[in-house]
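Order as written gives the chain letters A, B, C, D and E; numbering starts at 1 within each chain.
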C-alpha cells in the first residue's frame, strides 16, 4: 500500500502552520504512526504565518500555509508543495434567515457600514463580525479576493483558527465570519455569494472565484521521512484524506 | 526586625542565579524590542491597528490590557477582603474549613477551565441578555479574571492576617473587642502591606493572563468605552501575532508589546514598593 | 461609628463569600457535569486498546492520555528545576542584612513575579532562536524548554512565599533561639523554617497549580496538538491545558467538545490531586515535628 | 455580693484544672488568690470573663452569675454577641504583658475608640488618666509614639494595667500585677488597688503573703484546682 | 574574676539606656541586680550575651571581657560566627517566658540536639535532669508531649530555666526567675541558685530586697542606666 514506504523508517517529524490543513495532517499522521510506531509525528496549528516562519527557522520540518509564500518567506530557501484546492466562504449561523449576499454587501459589513441584519432582509439583530488573526492565510485570501483589499473594521472579533471561526459562528445567531470551505458542515451555513453557493464543485470548476491552494513547505529538498510523508499526502490514500477533509486533491 | 548576616552560601548563590535569570529575561526582550522602538515608534505608538492599511498601532492593546485588569481588580479586591474576613470571623469551624477548601480549590482551577466554562455559560448569557454584541467582551474577561486572581489574593491576605488575628485575639477579647472589631481595627490596619501586595499580585496576574482575554474578550484591536465591546489585550496580541512572518511590522509589534508589558509590570512593582516604603514608620 | 464599620465588615464578608461560592459552584459544576459525561476509557485512549495505549505501545488518537502524561511530566520537571532556587532565594532575602544586593534582588524578584507568563514563553522562544543561531543548531522548542520557562514563572512564587512566611514569625522566636546558642543557620533550619513550613507549602501549592494550568508559556515553547506520549526531554509534547484550549475553540464535532470538557475535568482532578498530596505532606510534616496536637493552641501563643 | 460561682469545673482536654469551685465575690472588695504554680488561678480568672472559650479544647461546667450594671448575668448562658460587653465590664490584666501591635498610645487609644466608642479627644484624656493611675505617665509621656514593645518588662506590665483601667471596668481581674516591679513601684500599684477598690471589685492573684495580707479583704487559697481555704 | 565590664553604654535609637557602666563579675558568685523598672537591668543582661544586637537600632560602646573556658573573650570584637558559642556558654532566662513552638519536650530537646549536638538519648537524659533541677519534673513528667503553651505562667518560667540549665552554661543570666512563682516554689528555685553557684557564675535580676539579701554575694543597684551602688 501507500504506507509501505515507511516500513523501516523511524524518527520525529514536526509539522506546524495553517489550521485548514490540520484535518488532513492528522489523518495522514494517524495512518503512518499506526503502521509504524517508531515514527513520531507532532502537529501544531498556529496559522499560515507560523508555518512559514517556523519552517524557515528550522523549528519544524514541514510548515503549512494556506496561501502562496511571500517573496520574503521564499527567500529562506523554502520549497512549496501544493496538495489541495480550497475555497474561502462567508459563513452564517444556521438560524440566520439570510441566504444571499453580494460581494458589495460583504464589503459593507466588514467595513462596519452595515450593522444590522434587518438591512439585509434578516431579523432585527446586530451583526457580530468575526475575522481571523493576522497570521492567517485564510484572512489574507479573504481580504485580497473578497474584500478587494478593503480593511476589516477594528471592532471585529478575532479568532485564531478555521475551527474556532466555525464554532464561534455556530453559537451566535447574529454572527458573520469566513472560513475554509472544507470546514463548512451542518453547524454553519454558507450563503450564496453573488448567486453562487460555495461548494467543492463550484470551487473546482472555477464558478466560485475565491479559491486558494493549500501548501506544505520544506526548507530545501525534503529528504527521508519528510519526503515519504509528502509523497504519502500525494498518494491515492492521501488524496482520499484530502477529499474527506472537504478539499479537492491536487496531484504532484 | 530581621537584619543579620547572610546565611549559608547555597542560598546566596541561588539568589545570584535568580538575579541573573531575571537580567537575561530583560536583556533578551529588550534586545529585540529596542530596535523596533527606535525605528518605527511612529507607527507603533498610534491608536490604529489595521494591517490592511499598514497601520500597526499597539496603543489599543495597551488600553485593553489596562482596562481589563483594572476592572478585574476592582471586582476582586473587595471580594478577596470579604472572603478572608469570613474565614477569620465565622464561628462554625466546618464552614470556615469549607470556604478555605473551596478557595484552595479555586487556586487549583486551571485558567483554561474557567475559560471553557465561561465560553459556554457567560458569553451566551451576556450576548442574549444585553443584545449589544457577541458576548465576547471586556466584561466577560474581567469577570472571569477576577475569579482567577481571587485565590492568590485571599491566600496572600490570609497568610498575613490569620497569625496576627490569632495572636491578638485573646488580648483583644479580654478588653471587650468583638472579633469583627479586632479584625477591622487591629488586624486590617497592620495588613496594609499585605493588601497592597495582594492587589499588586492580582493586578499582575490579570494583566499577564493570556488565555482568558484570548478566549473571552473578542480580540478586536479597538479602543472602546463600553464594557460589552470586544477588546484585545497585549498578551492576547502577542499570542496572535507571534504566528506572523518574522521581520514584518506585525511581528515586530510582538516585541514592542512584550517590552511594554514588561515595563508596565516593572513600573507597577516599583511604585508599589516606593509607596510602601513611604507609608512605613 | 465604630460599631457600624465593623458590622459592615462582617456583613460584607458574608455577602462576598456567598457570591463567590455561588459563582464558582455554577461554573465548576457545569464543567464537572459536562465532563462526567465524557469520562471513560475512550476519553483517555480514544478507540485504541486500553493497556497498550496507556503504556505507550500503541499511539493514541482522539484521546487525552498523552496530554495527561505530558502535563504531569512538565509540571514535575519545572518544580524540580524551581524548588531549590526559589526557596533558597526566599530564605536569603528573609535572613540577609539590608544591602544594595539584597534590595536589588528584592526588587528583581517582585518584578519577576509580575512578569506576564506569555513573556516567559516569548523569552524561551527567542532563547531557542538565539541558541540555534549561535551554539546548538539542533536546539528546538521542547519539554525541557517549557519546563525551564515554567520554572522561571514559579520561582518568584516560591521565593516570595518563603520570605513572607519567615518574616511574619514573631521576632522573639529568633531571639530566644539565639539566646540558647543556636547559630543563625540553625535558628533558621530548626526553628524558623519549620514554623514557616505552612506558608512555604502554600507557596509550593500555588506554584504547582500555576505550572499545571499555564497555557501561554507552553504554547510558545513546545506544546502541540498531536505528539503522542512525551518522547524525551528534547521532544515536543502534548499538554492538557493546551488541548483544552485547542478543543474548546475548534471542536469539529459534539464528541470533540465533550472530549474538551472531559479533559477540563481531568485537568481539574489532576491539580486537585496534586494539591491534596501536597496538603497531606504538609500536615504530616507538621505532626512529625510538633506532635499531633491542637495547632490552634500553638498559634494562640503570645508574647 | 457581685458574683456567685457555683460548682465551677474547667477541663482542658482530659485534665481537670478547676474542680467544683464555689465561692462568692463581694462588691467593692479585693479578693486575693494565691496558691502553687499550676493550681488554676489564672484559669479561674479567665473563667470570669469566659476567655477560656478561646482555647479549643476547654470545657467548662458549673454556674457563674455576676451582677453587671445591677443586672444579674448568667455567664454560661451568655450569647456570643454579648461576650464583648462582658469582657468590657470585667477587665483583665494578664500575668505576662499582652501588647497590641503599634505604639504605646495605640495600645490605649484603640480599645477606647473602638470598644468604648469614645471620640479621639475623650480617648486621649482617658489614656492619660489611665497611665497616671498605673504610675507609668512620667516614664512614657515623652514617647507615646514609640513602639510598645520597646518598653521594659515592668513598664509593659503597667501599660496593660493602664489600658484596662482606662476602659473603666466594674470588676477587675489582675494576674500578679506587681510580679515584675521593683518594691517602690509595686507599692504605688498597691496603693492604686486599694484606691480602686472603693469603686470596683477586684480579683487578683498574688504570690506574696505580705501583699495578700495588706490588700486582701478576702483571701482564697488554691491548690490543685480547688479552693482549700478562704475567708 | 570571670568578667570585666568597662564603660559599657547602650543606646536604643537616641535614648541612652545604659550609661558608662563599669563592674566586674566574680567567678562562682551570685550577682543580684535590682533597681526601678526601666533602669536598664534587662538591657545589661542582654549585653552580656550580645542579644541587644538583634534590635536594629541598638548601639553598644565600651568593653566587655569574659573568661569562657579559661580563655579571655572580648565581646565587642567577637565575630558573628562565634556568637552561638558565646550564647551557649552564657545562658539566659528571660523575664517573661519565651517558648519555642511545639511541645514541652521539643523546647528542651531541640536546643540540646541542635546546639549541643547530643544524641536523642543523651538529650533525653539531660532534659530530665534540667526539669528536675528547675523543680518542674513532677508537674510535667506525664505530659511531655503537650504543647508548651498549655503550661501555667509559673510552669513556663521554670521550663525556660530548665531549658537553659540543660545546656550547661558557664554564666547564667536570670531575669527575675521567681517573679511569678508562689513562695514555696520560689524557695526551691532559690535553693537551686545557691547550689548552682558552686559551679557557675550567676547574674540575676530580683526585685525582692529579701531575696537579694539571701542570695546575693554581690548586689548591684541600677538607676537610670547607672550602677549607683554595689559591693
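Keep in mind that, in the parts below, a contact is a pair of C-beta atoms (placed from the backbone, for glycine too) under 8 Å apart; a residue touches a chain by one contact, two chains touch by 3 or more.
The structure displayed is predicted, hence computed values, not measured ones.
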*Treat touching chains as neighbours and tell me the shortest step distance from chain A to chain C.*
1
*If you tally contacts for every chain pair, which pair is highest?*
B-C
_By mean C-alpha position, what chain is farthest away from chain D?_
A
*Between chain B and chain D, tell me the centre distance in angstrom, where each centre is the average of that chain's C-alpha atoms.*
48
*Whole-Å gap between the CA centroids of chain D and chain E*: 29
*Which integer distance in Å separates the CA centroid of chain B from that of chain E?*
51
_Give me the residue numbers in chain B that touch at least two other chains, ranges are fine._
1, 3-5, 169-171, 178, 181, 184-185, 239, 242
_Multi-chain contacts only, two chains or more: what residues does chain A have there?_
57, 159-160
*Residue numbers of chain D (touch at least two other chains)*: 54, 96-98, 113-115
*Using the touch rule from the top, collect the residues of chain B that touch chain C in their complex.*
1-8, 10-15, 17-19, 21-25, 28-29, 32, 78-79, 81-83, 85-86, 89-90, 99, 102, 104-121, 147, 150, 152, 155, 159-160, 163, 166-167, 169-171, 178, 180-181, 183-185, 200-201, 204, 207-211, 215, 234-235, 238-239, 242, 254-255, 258, 261-262, 265-266, 268-270, 272-273
*Quick one: in the complex, what on chain B touches chain D?*
91, 164, 168-178, 181, 184-186, 190
*Going by the contact rule at the top, pick out the chain A residues touching chain B in the complex.*
46-47, 49-50, 52-53, 56-57, 70, 72-73, 125-126, 128, 130, 133-135, 143, 147, 149-152, 154-160, 168, 171-172, 174-175
*In the complex of these two chains, what residues of chain D are touching chain B?*
49, 51, 54, 80, 83-89, 91-92, 94, 98-102, 110-111, 113-115, 163-164, 167
*In the complex of these two chains, what residues of chain A are touching chain C?*
12, 14, 16, 19, 22-23, 26, 29-30, 33-34, 37, 40-45, 57-59, 159-164, 166-167
